[in-house]
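Two complexes follow with chain A in common, the first pairing it with chain B and the second with chain C.
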Partner chain A sequence: MLLFLRKQKYLIDYTLSSLLRRKGKSLGLLAVYTTIVFMLASVTLFTHALRKEAGLMLQASPEIIVQRMQAGRHAMIPADYLQRIGRLRGVMQKAGRLWGYYYDPIVKANYTIMTEGQSDTPLTEIVIGTGIARVQGLDVGDYLTLRSQSGEAFSFQISALLENDSELVSADLLLMSPKAFRRLFSIPEGFYTDLVLSVRNPREVNKVAEKLSQLLPDTRPILRDEVLRTYESVFSWRQGILFVLLLGSVLAFVIFAWDKASGLSAEERREIGILKAVGWETADVMRMKFWEGMVISLTAFLIGYLAAYGHVFFASASLFEPVLKGWSVLYPQFRLTPYVDGLQLATLFFFSVLPYIVATIIPIWRTSIADPDAVMR
Partner chain B sequence: MLIQLKDIKKVYNQGKPNEFQAIRGVSMAFEPNRVSCIKGSSGSGKTTLLSMIGCLSRPTSGRIQLGEQVISSLPERFLTDVRRHTFGFIFQRFNLIPGLSVLENVMLPAYPLGLPYKKLVDAARRLLQQFNLASKADNPIEWLSGGESQRVAICRALINDPKILIADEPTANLDSKLSNEFMQLIAELRQSGRTVLLTSHDPEVFDSTVVDRVVEMRDGVVLADVG
Partner chain C sequence: MLLNPAIMALVMVSAVICLMLLLASWFAVRVLSHWDINSGSERQLRLERRTYLISTLLVWAFSFQLMSLLLFIYNAESMSGQFVGAMCATGVLNVNAWGWPTLFLKMGVFFTGAVWLVLNYLDNQGHDYPLIRYKYWLILAILPLVAAELILQLLYFTNMDPAVITSCCGALFSSQSEGVAGEISGLPPAQMMPGFVLLGAAVILSGVWVAKRRQGGWLFALLGGAAFIVALMSVVSFISLYIYEHPHHHCPFCILKSGHDYIGYLLYLPLFAATALALSVGVISPWRKITSLTLAVDRIVPRLSWIAVVFFSLFYLVAAWSVWTSHLTMTGVWW
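So, the complex of A and B:
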């Protein structure tokens, strides 16, 4: 065992000195390889993180949302629908929700406004998301002015900042009292934006939704699982588009690696011939080249992956943001919760490190099984 | 260790339009502890013959026997083992690895043996000392002169303590003075009990008193065998 380890150490030492001898070529290859891993890892980390954020967000969301439709569009829903739903078996809790969007022309961002508390919540207090606080430079105790539909200005004092596991939930969120919401958007009492229901038995969600459609034909029930699936498909679709865009560069890299590996230079062939002539076995040469491939690919993988991690979770994936994040460019900046998926990491490793090692080893094997004399000639 | 060749033939590119028969049925034996030189002009087949004896290539037909062992039909793995423990090679262009130090070049053949590093370094330094290269041990190989490079090549050939030393055109890149020095080193190696096989078309080698036997080749056949 000790003998084997010592032998591997000598082979690795030789590999490192061999890489240093071809410094320019090795660094060039490393740079291209790292860039490819960085791009692929950025996309996968980013989409996975978004999915995770969406999952976190939906964990707290109701099982069924009921929206009233009018002329194919979402309309305000009367409060008495709650009583009608109350007769449905399986429904555990039900409530009306008030929410909407507010466009802030100063920071060019859309805020989501929701209501919190009962009617006794102070009219002039507001809780804001960390994203809004960041772009507006606001803190607890400061005032935020919003303009109502009629053009009237309403000032709110910030009572707290929203802390949440996921900034996707809270970054652009404003929470105010229901009364303040109705005043800001001129919504009369007795109407809600939508209704939310929780179901006693999760396996009955679909059945309850079916009954809802029959009971209230002018509404549509939206299930939590459907929302999650929509997020999944949207992120997968966008990830797919980016992968297609990146495919060209990945392909270029594969060709480059193959060319580098298969087109062994005369100098490299000669070196293999010398090593075999002085007593190295074919397996020794292969191991040496295997270590060379491992050093380059693992270094590129680690640097590329760590850089992608920093890019996605600390620099807000600035390179891919417009393609992958949100529906609007007016979205407030938010930071994703760091999340690494083991399977995703393994997949990336499998598709970036293994092909390179195989592409390197096969031509080396073809050269090293030849007679040393033939290789040196 | 006696080396016996029986009806050795070597054909390059067999069955192709550029087929070339480099060795045409050579049979001979090389006795141990002697210096033998194969001479001949370029293309006579001397390097091909030497490379087959040293297990660097295989004969197309015929048999090579090392002591009691037939080596011409050994699988690659065993052939490497024979090459590693029996032969030391000195090539015409030295074939040292650029970018490595003198010491690293000398140690190179011993890496696959997995010896302890200290033992390996000590053995390499002893050889460098013996060939007056101790002060150059840590220099890059590119800094050395032709004569020094050749001495490094000899040290590398001897690191695994081989019984047979094979040198292909060893003086081709040396001047007359260095060629004489090289032959003196060969004489010392013979005294230490080694068998030496050389190829050369340099009279300073094959006419040297150090050489015990001269085999002359032309067009893949032995023309003369003296000594």
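So, the complex of A and C:
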């Protein structure tokens, strides 16, 4: 065993010195390899972190949302639906929500407006997200004017800014009192945007949803688990699309690696000839070449992965952002929580190292079976 | 579902393995019809040189196979969030009829691949390649398995329908349910436990015997295979119950989750490695009668047997430890 390990050590030693002797060629290969790993790893890390973030955020959302549908469109739901639901076994809480979107033509962006607090919240005070504050140049104490449904202008004083760490959801958020919301959008008392129900036992959620759709046939219940599942598949779908696009470059890399491994210079050919002449066997040469591939692969994988880590978690993945996050004027600025996942790492390995290994097997074999006298002549 | 990156990777790996085996099989046919170690012809020389390539190809192919088996289970585990009713890998494998067959085929290819690698290693020790024909016949036998795996896996992934409500492990592995899984879950632990322990002792003893005496390899392989099956059944029947500390949860996959300290990997990895080694010992020990291999067999068999014994012991120790430290008490229920 010790002998085996020592032999491998000498082989690696030899490989390293031989790689260093051919600096230009080795570095060229390493650069291309690293770039491939970097791109794939950036996509992987970024989508995975986003998926994680979405999942964490939705943990706090209610289990069931009930929306009223009219002619296939989402419509305001009357408050007496809450009474019509009555007491459903398993439902801990039920409440109506008021929320909507407001298009601001000045900055050409949509705000998400939600209501907060009881009816005694001051009518003219609002809380805004940092994204809005940034584009409008606002701060606490400043005034923000919104145009109501009827054409009047309402001025609100900003009482606070939403915290930075929730910027992924709160960048475009605007919180106001329910009364102000009804005035702004001319929504009569007794109507809500939708209803939310919280169900304690996850196994009862489906049953409650079934009862709801019988009780209120003009509504649709939306389950939190469904939303989570959708997020999950949308993100892995987007990641898959990007992978398919990057597959072209992986293929190019495979051809490049094949070419590099088979197009040996006269110098290298001579080197292998001498090795075989001094007593190396074909298997030894192949083993040496195997270690060469391993050294290059591991270095490229490590550097590429670390660079991608920095790109995603410190530079906010500036290269892929628009594709993976979607488009918006009010881009949230946020740092993702670093998250490394074994499955993602394995997938990445299969997409980068495996093609390299497969591409170099045949060229390596071709090199190592060469006859010493033929190559040295 | 094909656009999921892990699924793309799995399909790609299977396709690459299949291609590698196709290449090897094509060569195997030529070896089987033209191989003549005593000939000095150019064709024979070419064939001998090419065996290096084929060995390398297959070493990689079977290492990839091992990784793809792990990735397959890991992926099934992580996809459980995307299917209604699935809570772990069981539900995801149950999404359609192809999930379980794919898993079993992957396991089958893993074991035959491991045996092939050991056979190949042994053959290379003999100066006259005495096993070359058997070795290449075995490749021809593995090829259909690999091809079937590729096709089944493709069917499995393309037919995944997120709208289908699948059954979770609690429904499949319960003594009330029908089918193989239900049968295994319903096995009485009072009888399973002694069987598990006895077979464990037998396999370890036979392994030590083979390592010391260099004979009885076939018995070790037989016992190893039996121990593997009984061990998997025991995991479903009672070991998992102790890990979950729940008298009715039989799932063999939930133990892979972080909530149980990934103890499943500590159970399955040694078990699979030990079984593969035991099977290999059984396959190579009869070749001791070939003169050019006697020395090599005498050297390799004890070594493999010792490693197998260590892995088997590790598995049984982890299993015993998880039963011992569990807070679940079934005295009075099972016996």
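Miscellaneous remarks
Convention: the second predicted complex is superposed on the first by the 265 of 377 C-alpha atoms of A that agree within 3 Å, B and C clash if a C-alpha of one lies under 4 Å from a C-alpha of the other, contacts with A are read in each partner's own complex, and residues count from 1 in each chain.
The definition used in the following text is that a residue touches a chain if its C-beta (ideal position, glycine included) is under 8 Å from a C-beta of that chain, and two chains touch if they have at least 3 such contacts.
None of the values given here were measured: they were computed from a predicted structure.
Legend: residue contacts after superposition of the two complexes on their common chain; A:Arg229 is shown touching chain C, with no touch to chain B.
In the overlay built on the shared chain, the residue A:Thr282 is in contact with chain B and with chain C. Once chain A of one complex is fitted onto chain A of the other, the partner contacts of A:Asp373 are limited to chain B, with no touch recorded for chain C.
Shared-chain residue A:Leu3: touches chain B; no touch with chain C.
Touch criterion not met for A:Leu16: it reaches neither chain B nor chain C. Once the two complexes are laid over each other on the shared chain, residue contacts for A:Ala346 go to chain C alone; chain B is not touched. Using the contact criterion defined above for the overlaid structures, shared-chain residue A:Thr44 touches chain C, although it does not reach chain B. In the superposition on chain A, the residues of chain A touched by chain B in one structure and by chain C in the other are 282, 369. On the chain A side of its complex with chain C, the touching residues are 44, 225, 228-229, 232-233, 236-237, 239-241, 243-244, 282-283, 286, 342-344, 346-347, 349-351, 354, 357-358, 361-362, 364-365, 368-369.
Residues 2-6, 8-10, 12-13, 16, 20, 49, 52-53, 56-57, 60, 64, 67, 70-71, 74-75, 78, 81-84, 162 of chain C are the ones that touch chain A when the two sit in their complex.
Within the complex formed with chain A, the chain B residues making contact are 48, 51, 54, 56-58, 76-77, 80, 83-85, 89, 91, 95, 97-100, 104, 108-109, 111-117, 156, 160. On chain A, the positions that touch chain B within their shared complex are 2-4, 6-7, 10-11, 14, 17-18, 20-21, 270-271, 274-282, 284, 369, 371-374, 376.
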